[in-house]
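My structure is below; once you've seen it, I'll send some questions.
The first chain written gets the first letter, and so on, giving A, B, C and D; residue counts start at 1 in each chain.
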Amino acid sequence: METIRPLHEKRNTAILLIHCPDKQGILATVTEFLNKNKGNILYLDQHVDRQEKIFYMRVEWELDNFSIPREKIGEYFNTLIGAPLSMYWRLYFSDEIPRMALFVSKMSHCLFDILARYTAGEWNVEIPCIISNHEYLKPVAERFGIDFFYFPITKANKDEQEKKEIELMKKLKVDFVVLARYMQILSKEFVELYPNKIINIHHSFLPAFAGAKPYHAAHERGVKIIGATSHYVTSQLDAGPIIEQNVTRCSHVDTVEKLTRKGRDLEKIVLSQAVFKHLQRKILVYHNRTVVFN
Amino acid sequence: METIRPLHEKRNTAILLIHCPDKQGILATVTEFLNKNKGNILYLDQHVDRQEKIFYMRVEWELDNFSIPREKIGEYFNTLIGAPLSMYWRLYFSDEIPRMALFVSKMSHCLFDILARYTAGEWNVEIPCIISNHEYLKPVAERFGIDFFYFPITKANKDEQEKKEIELMKKLKVDFVVLARYMQILSKEFVELYPNKIINIHHSFLPAFAGAKPYHAAHERGVKIIGATSHYVTSQLDAGPIIEQNVTRCSHVDTVEKLTRKGRDLEKIVLSQAVFKHLQRKILVYHNRTVVFN
Amino acid sequence: METIRPLHEKRNTAILLIHCPDKQGILATVTEFLNKNKGNILYLDQHVDRQEKIFYMRVEWELDNFSIPREKIGEYFNTLIGAPLSMYWRLYFSDEIPRMALFVSKMSHCLFDILARYTAGEWNVEIPCIISNHEYLKPVAERFGIDFFYFPITKANKDEQEKKEIELMKKLKVDFVVLARYMQILSKEFVELYPNKIINIHHSFLPAFAGAKPYHAAHERGVKIIGATSHYVTSQLDAGPIIEQNVTRCSHVDTVEKLTRKGRDLEKIVLSQAVFKHLQRKILVYHNRTVVFN
Amino acid sequence: METIRPLHEKRNTAILLIHCPDKQGILATVTEFLNKNKGNILYLDQHVDRQEKIFYMRVEWELDNFSIPREKIGEYFNTLIGAPLSMYWRLYFSDEIPRMALFVSKMSHCLFDILARYTAGEWNVEIPCIISNHEYLKPVAERFGIDFFYFPITKANKDEQEKKEIELMKKLKVDFVVLARYMQILSKEFVELYPNKIINIHHSFLPAFAGAKPYHAAHERGVKIIGATSHYVTSQLDAGPIIEQNVTRCSHVDTVEKLTRKGRDLEKIVLSQAVFKHLQRKILVYHNRTVVFN
């Protein structure tokens, strides 16, 4: 099915994400580089971590009158600014649409939320595949016209199946992965292929209740607030850089079933907000923490 | 398409919703009536408004061993308790599935949220029709296998079209109506046919910014928090009994477009939470205010 | 100094807090007992934990026309209802003003918040003593006209000093203890003298970041929300029954110092809300969880 | 009484607050001006309102090695940058401690909250006077060692009394005014003497329930969330630029008295957060809206 309505305006822009050791004048240097070359700045945000002495920046500018040819921007920037200032930097173009692989198991709420946004044109994204260890949600994928791939996982076949998944994703030119309540732990090898490119939703307010059955644990502990946490996946379970969190009140009247129900509404919104920040290239990771620009 | 997974347990229960002038012993009287007739109480909540001197109650009990035949419960209750205590009361059975008409215009986020819950079996509801003044969302209805009815509205034909809509709803035995960002104001006649049975979502924190373009108004006023409000529709615009509200922070960086985007996530959750409370028969209305049980 | 303004109305009421194994008719039995003896019910709330099969109730009624003499209510209730139904119950009278010991160290924000409410007459409480392991906040105690007792704590003298504190509290007829950012861990012996009668504020969203330096830990983990938790103290550190929690958003711009500052506003409100619930006799504890009535 | 503990570090810095028509290169121009003159930047935040085409900036730098003498900074900046770029700008020095007049009536919660922070050294502020239309809170002022001035207000004497208040404030070199639940409407003349320098707390989520008795109005309307709003006072009642807002949930069980109690906790925190932002020079006002930097 076609996009119902494109909600985002098309822009011909470039985006730079930067972090580097802080020193005087970086901000002026970068903005001057863009100004001098007629790059009209549409967005600029920066942050200095004064304790760690790290400078972070996101800048987006129009390419239309920019005097450096698009394919040369990276080279020029690195030669003139990036390398001299020991920068980590990434350059993105707004017309390059990121390709996302969706991993699901049996629960549909995050999947539906993402597909609804995709269909409504809320996001600038392609979804070349939905991958699952169950056939359960195949009808949902079909209904939205997205290819569904079934990779049942057992202890015995896990390595092999992951290899096939990775092969498929390479073939489909997948840029990043979203685990929309995918109930399998990815291997270290898989995770390291997509550093800061696998977004997970954990159904607790991390670091509380990491691991399995967090709503049961929350109920058992008698908390008065439950939460959900989206984070980049690292090889350490539920310990990767946190992108977004949200919470809602609960009380003694809430059974585990009710907490689970309330939690679903948190999970899907928190995951989708994290994916949107990722798609907008607004997240920088440093030392297992994120800088998430507005 | 079939329900993916029934998340709610099937129960053979009856539900009583009551309000009446407060006096000593009402609670004991009602619970004794159920206990004596072997009605195992699964849920009981009550509230006394001591200022207005009104007693409110919701009680749900198992029908399996209840000694009064199902079809006689209303009569017995009214004769023995309801009439003597001047009660307003409603009796519902959990196996009677409410039938909901969905009204939409062009925005899909609330529609998708409701259809996702419906498909996942989160709600005990039937959706016999989606009604719209635009053809825009017809593909979504088709994708979920729900009949779509197109009633274009102009100043000239509004009365006539509403009559057709009402006729259709009667034919389809619709119990209540959900306006999922339906951008038309219903006539007084329409509204009065469904008292406390039309649920609307307004995209502001009512009573702030009632009427058109609330995100523009919120931006203009420079608020630091935006909200969404679900309410029963009355003949006075955006002034009906409030069911649920939620808010999210905003700041000077948020344009009207960004507020609209943030607001969509509020709107769909707040509307769906209100619909769920309605489906659970947990809402009582008195003097334009709601009692919403837990 | 005198109370500036008594904000609470004086009431001549009794309060019953109950929990017991759930069975049919408890609610009717208790309310009938009050109704028959002309106890006008001002407040009633109940909860049934259907998984654990426990019934919880709080009921408050006027003593003015109650036909059982005040000093006999406990005996009658126990004989007629409490013992037969295996109830845990507590009876309180609204004119018996609870006596609270305040423990502080060096931080003043929770202390000021409590003393401001006390002075304004917000709470029905007496504060016969402020106890501290530092002399730092003595001027604050003096300013509010409350006796200040200094018990410096070292590893060597801890047992002995705690004994003196307990002696003092017994002499002053202290009913319950509030740890208003008291930076010492109480001994098992101390804690067991006041079961569910010592309220602590922990400066994190428990169970995340239990123990020392939670704001440092929160910063290190890169969370996007911080919290505060008030709970009854048990012999297991930061693991007692949670009474109230609240949270606030933070981001990459927040240093540990800023988190600490934001957190102070949470801590004082969350602690005072917990103390108020305790003073109103609205908390029941069962299996390390609380039922907190509205 | 002396400050209990200075929580803020002393800094020898200058702060520039700027807004001006947006054009390319402003950010680079300002940061270069500071860099070239050896001003080590400690804080920089900026915002561009692309719809209104306005550039906003707050920058703070160390004066220690700054090559322009302190008393010349304003002149140099204006000549070289401010005037050519049509800037509105304000220069502040961190060692100039702002002087705040506190206006109160009978309610003490906001007053106590402010005085607690002042005493604890949380804020860089002097409080030369507490002004009231009642003698009620005089004992609180005395307890904290702050001069209290009583100006009873009647319809007849209002103009005259305001003149005396203004005279007093001029004599005491008051920089800005905080209305800590002061229950009088200031005259247009008073307000215009302190443009964007009078901070009020209104006990509702503005623009809902402006004017008198907002908790009564909120109860009447049956809202599910209540709020508090701090704003700069303008000659239009409750319509000035909003600085900060916060909300809390309520329900049908909340009487007006309970809403008022819940609201007090919001009011005092929201007001103090606004005052703190003002003291940090983090607020810019443009077209009745605020930019509040992090």
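Just so we're on the same page, a contact is a pair of C-beta atoms (placed from the backbone, for glycine too) under 8 Å apart; a residue touches a chain by one contact, two chains touch by 3 or more.
This structure is a prediction, so every number in the text was calculated from the model and none was measured.
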item	value
Copies chain A and chain B touch via same or different residues, half shared test	same
Result of counting contacting C-beta pairs for B-D and B-C, higher pair	B-D
Chain B-chain C separation of Cα centroids, rounded to whole Å	38
Rounded Å distance, chain B centre to chain D centre (Cα mean)	42
Residues of chain B engaged with two or more neighbouring chains	50, 251, 253
For the chain C and chain B complex, residues of the former touching the latter	24-25, 27-28, 31-32, 35, 40-42, 44, 46, 48, 50, 249
In the complex with chain B, residue positions of chain A that touch it	1-2, 4-5, 7, 106, 108-109, 112-113, 116-117, 119-120, 122, 136-137, 139-140, 143-144, 251, 253, 261, 265, 269, 272-273, 294
Partner chain A, residues of chain C touching it in the complex	47, 49-51, 56, 205-209, 221-225, 227, 241-247, 251-253, 255, 288-292
